[in-house]
Amino acid sequence: MKKVKSKYEILRQKIYIIIYGTSTLAGKTFDLLLLVIILLSVVLIMMASIIRYDELYHDFFVISEWIITVFFSIEYILRIISNKKPLNYIFSFYGFVDLISLLPMYLSFFIPGSEALTVIRSLRLLRLFAILDLIPFLNQSSHIKESLRASMSKIIVFVYFIFVMSIILGTIMYIVEGRHNGFTNIPNSIYWCIVTMTTVGYGDIAPITPVGKAIASFIMIMGYGIIAVPTGIVTAELAKNRKGKKNQKNCPRCKMYIYNEYANFCYNCGEKFIDGAVKINN
Amino acid sequence: MKKVKSKYEILRQKIYIIIYGTSTLAGKTFDLLLLVIILLSVVLIMMASIIRYDELYHDFFVISEWIITVFFSIEYILRIISNKKPLNYIFSFYGFVDLISLLPMYLSFFIPGSEALTVIRSLRLLRLFAILDLIPFLNQSSHIKESLRASMSKIIVFVYFIFVMSIILGTIMYIVEGRHNGFTNIPNSIYWCIVTMTTVGYGDIAPITPVGKAIASFIMIMGYGIIAVPTGIVTAELAKNRKGKKNQKNCPRCKMYIYNEYANFCYNCGEKFIDGAVKINN
Amino acid sequence: MKKVKSKYEILRQKIYIIIYGTSTLAGKTFDLLLLVIILLSVVLIMMASIIRYDELYHDFFVISEWIITVFFSIEYILRIISNKKPLNYIFSFYGFVDLISLLPMYLSFFIPGSEALTVIRSLRLLRLFAILDLIPFLNQSSHIKESLRASMSKIIVFVYFIFVMSIILGTIMYIVEGRHNGFTNIPNSIYWCIVTMTTVGYGDIAPITPVGKAIASFIMIMGYGIIAVPTGIVTAELAKNRKGKKNQKNCPRCKMYIYNEYANFCYNCGEKFIDGAVKINN
Amino acid sequence: MKKVKSKYEILRQKIYIIIYGTSTLAGKTFDLLLLVIILLSVVLIMMASIIRYDELYHDFFVISEWIITVFFSIEYILRIISNKKPLNYIFSFYGFVDLISLLPMYLSFFIPGSEALTVIRSLRLLRLFAILDLIPFLNQSSHIKESLRASMSKIIVFVYFIFVMSIILGTIMYIVEGRHNGFTNIPNSIYWCIVTMTTVGYGDIAPITPVGKAIASFIMIMGYGIIAVPTGIVTAELAKNRKGKKNQKNCPRCKMYIYNEYANFCYNCGEKFIDGAVKINN
């Protein structure tokens, strides 16, 4: 049974290559088709959310929703049965998103009105990022991703700092502005503080007392200054990666990483380099 | 016919040098004159858009519009007839802008009111960027342009990311804020999300529910953090260009990297450079 | 007495290690427990500030406040008596914060209503930064802290510049906008100027006159441009630290600069390094 | 007359050293005293602009204004008579500022109400930047100033670009939003466009039509992206200067500037370096 592939097994593999693969023409076509349908479904959901259009074309929207739901259901089932390890897919992030995109329409049989939750389907837009690997011109994201991953832990420290400062400064503003002027409670004050520190500044809540304005000014200038920190971290990381890439050469003897591409001797084992030899080894 | 230039041909060439060229005094004068008239026409359009002024000086504005339109029409015709390959100009970006700047006034004979579209003429302001090449002090744009072009594909990935995140987060806010509070439909929610992520924050739409405010806070801090990405990309690119590939030269004897392109001797082994020799070695 | 430790002294040391130390299991547990209680107390204060919740669960909030106050009081006393130099703690920043976090509740016996000031307790959240040293993954803050400290004096010059410019430009706007439109007095105009320069832009005060709008446009573009300064300072500092002075070593034979501190051989002349020798040469 | 200094000449020189100099104790004291009085006068003007305070202490404000005006008048006259080239001072930037700070009070004799213009005096705050040279800790501004001066021409190109784009996009928004919604005329639309591109976002003018919101979203993302440009320019300049400073060595023979501090030979004339010799030459 293992060695002789059944007809079913061959079919399963073909479907797998079309659905999951991106190297064959059929696989690329399927991915692009899927993205077009996802985009279409999101545009339809957007249009249906505008009351004026919903009143005019309600039936059209409902029918389209059902056609797309059926298409996505078939895709979901094919993804499960064509996969050798279906649980890997089902419990993956995309597997979860695909499932909850389908549920609202089927639930609407039992709970009328739950079709409103089809908007969740917009999460499928995340698959759009897969398109980045299909377009060579845009295939620059890997370098950025790498730098972001490297600077992630520092960014978390930074976000954590912003958050703690917002709680403390928000509480102080709540004391100063005295429960009125929109600073009705501490969570609201913290929300205002985040709005201010990130320089968004809606203006739905704004300080009125002179002391409050003075503290707000301090928060603004601080927020304006500390934007430098994440920028500095990411820039330094990007600059580092950039330098790294082109100059990487390994010593043919000890396999150590060598920073400077103009090195004449391995700094680790003292091996004398001949440019050609190193390049052949790479 | 090819060798003996007709009088007409000589005139055509003279006009071509004046209109398209920037190296002769006449060419520079024409360019500056054109820019002054473009600026003047834009200022006039601005003034005419202020209702108070339009009521007082309506006739003056109409007459000026016509004088400028006639001037630009002559310029447009001269650009076509003086050019050996007129189609190149007509179908170029500037050719298209020049044409649609003229149309509204002529259309106003047939469709009254279409002269309001003369504001399109402000697109001719783009020619102002040509002035950058005339002023040596400001002729710094080429370095920036080069860096921006190099980082363009990465910036597109970034803008694409912002856009997809805005659609997803906008849709989530639409569910959370429940069709009221300005989040009346999904496109509006997406618009709000872009306003927030870019830290613009008009405040015409702002979350009211506690959950909405919490999500908004998350979006703000995220938007505040990811501004680091385009900055990092452009900075790394500018820093890289500054160091300059053009200046990289290796000593033919000791293979050391030499920073300064005007070096006459290797700073490591004292080898005397002959420019050609070094270039051949590269 | 000095050599023979009394039972009390042994107990004191044990408590000291638990409360101040982070290396033992008991010390880590205490720190985490303390952080959980601080977070809990802050969440309770937040909830109590929301009038709706306060009406429903007033008694619950008051009792919780007292339990937490008693816990923090015991912690405060233990910190003093377990410390060999109690004054060092009492007059330290955290000692001061711990004390003023306790006072409001005890003061409420004498001055009714002063329990409202328990919100000051949120300052204890600053202890949350101590958690950074407990989580290895997040232990990246030291590098950032170092860079920020190095660029602090430059950031102060920058903040000073922003402040002086805000006073001057705010005064000019007060003259231009003529005491109305929210620019009712100079401090208000300065507040508006800081709101604008930092690109927060609440919109509670906004220019109405054409001249005011022109000046505001200038202030905005200036503010937008000078955000580059703190970013540049911090980025340059981070990049500098990354490259690291610690790693600079010169080959004692050829005096070439060596990037990697783990090099065993000079990459230029192949000289074998002996760590001590190189350090002596520096 | 030239060689024998008159008593008057000696006095003149003494006053000159006190007023213009910063190296002597008297000079420093005078500078600090002047700054304190300038700050005091600005605080007084601020207070006087708050109507409530002006009603209570009107007489006090008027008398203080006159005392400060007399002090500044004496200072102005001393600056002129103690200076060998008084015209240099009178027509300098500070000379002009000092004069127009005095005029409003004296003009109030002839034109009642002109004392309101004493607010112009806040321009004297610019002298505060002189204090930066007095405090060694803050004497970091020279490095920043140098970098800013070097990147000035590029920043001007950038501001120019922002401005032209604002005119074009503002005009397009005026066409799209159709003369209502606050986009009442083109200058207003341009003002809105600058408010949006710089991410200030007051919200006093905001797009209402769907097309307008779409264009606004584009403007925001663009504005958010191009903030990278000035940041990149200044950062690259700061990083360059930083590297430059420490490594600058001049060849003792040909006086050429050498970038790499580990150079063994002058790259210009081939002179062999001996480290000590070069350092002595510096």
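The chains carry the letters A, B, C and D, assigned in the order they are written, with residues numbered from 1 in each.
Simple rule for what comes next: contacts are C-beta pairs under 8 Å (C-beta built on N, C-alpha and C of every residue); 3 or more make two chains touch, one makes a residue touch a chain.
Since the model is a prediction, treat every value here as computed from it, not as a measurement.
Peer 1: Looking at where chain B touches chain D, is over half of the residue numbers used by both copies, so same, or under half, so different?
Peer 2: different
Peer 1: Could you work out which pair in A-B, B-C or A-D copies the interface of C-D, where over half of the contact pairs coincide by residue number?
Peer 2: A-B
Peer 1: If every chain is reduced to the average of its C-alpha atoms, which one ends up farthest from chain C?
Peer 2: Farthest by centroid: B.
Peer 1: How big is the gap, in whole Å, between where the Cα atoms of chain B centre and where those of chain D centre?
Peer 2: Computed from C-alpha means, the inter-chain centre distance equals 29 Å.
Peer 1: Taking each chain's centre as its mean C-alpha position, how far apart are chain A and chain D in Å?
Peer 2: One centre to the other, that is 42 Å.
Peer 1: Compute the distance, rounded to whole Å, between the mean C-alpha positions of chain B and chain C.
Peer 2: Distance between chain centres, rounded to whole Å: 42 Å.
Peer 1: Do you know which chain A residues sit against two or more other chains?
Peer 2: Each of 158, 187, 190, 199-203, 227, 231-233, 235, 239, 260, 264 in chain A touches at least two other chains.
Peer 1: Quick one: in the complex, what on chain D touches chain A?
Peer 2: 199-203, 231, 235
Peer 1: Could you pull out which chain B residues touch chain D in their complex?
Peer 2: 42, 45-46, 49-51, 117, 119-120, 122-123, 125-126, 128-129, 132, 137-138, 140-141, 143-144, 147-148, 155, 158-159, 162-163, 187-188, 190-191, 194-195, 197-204, 227, 230-235, 237-239, 242, 258-260, 262-270, 272
Peer 1: So in the complex, which bits of chain A are touching chain C?
Peer 2: Touching chain C from chain A are residues 153-154, 156-158, 160-161, 164, 167-168, 171, 174-175, 184-187, 190, 196, 199-203, 206, 210, 213-214, 216-217, 220-221, 223-225, 227-229, 231-233, 235-236, 239-240, 258-260, 263-270, 272.
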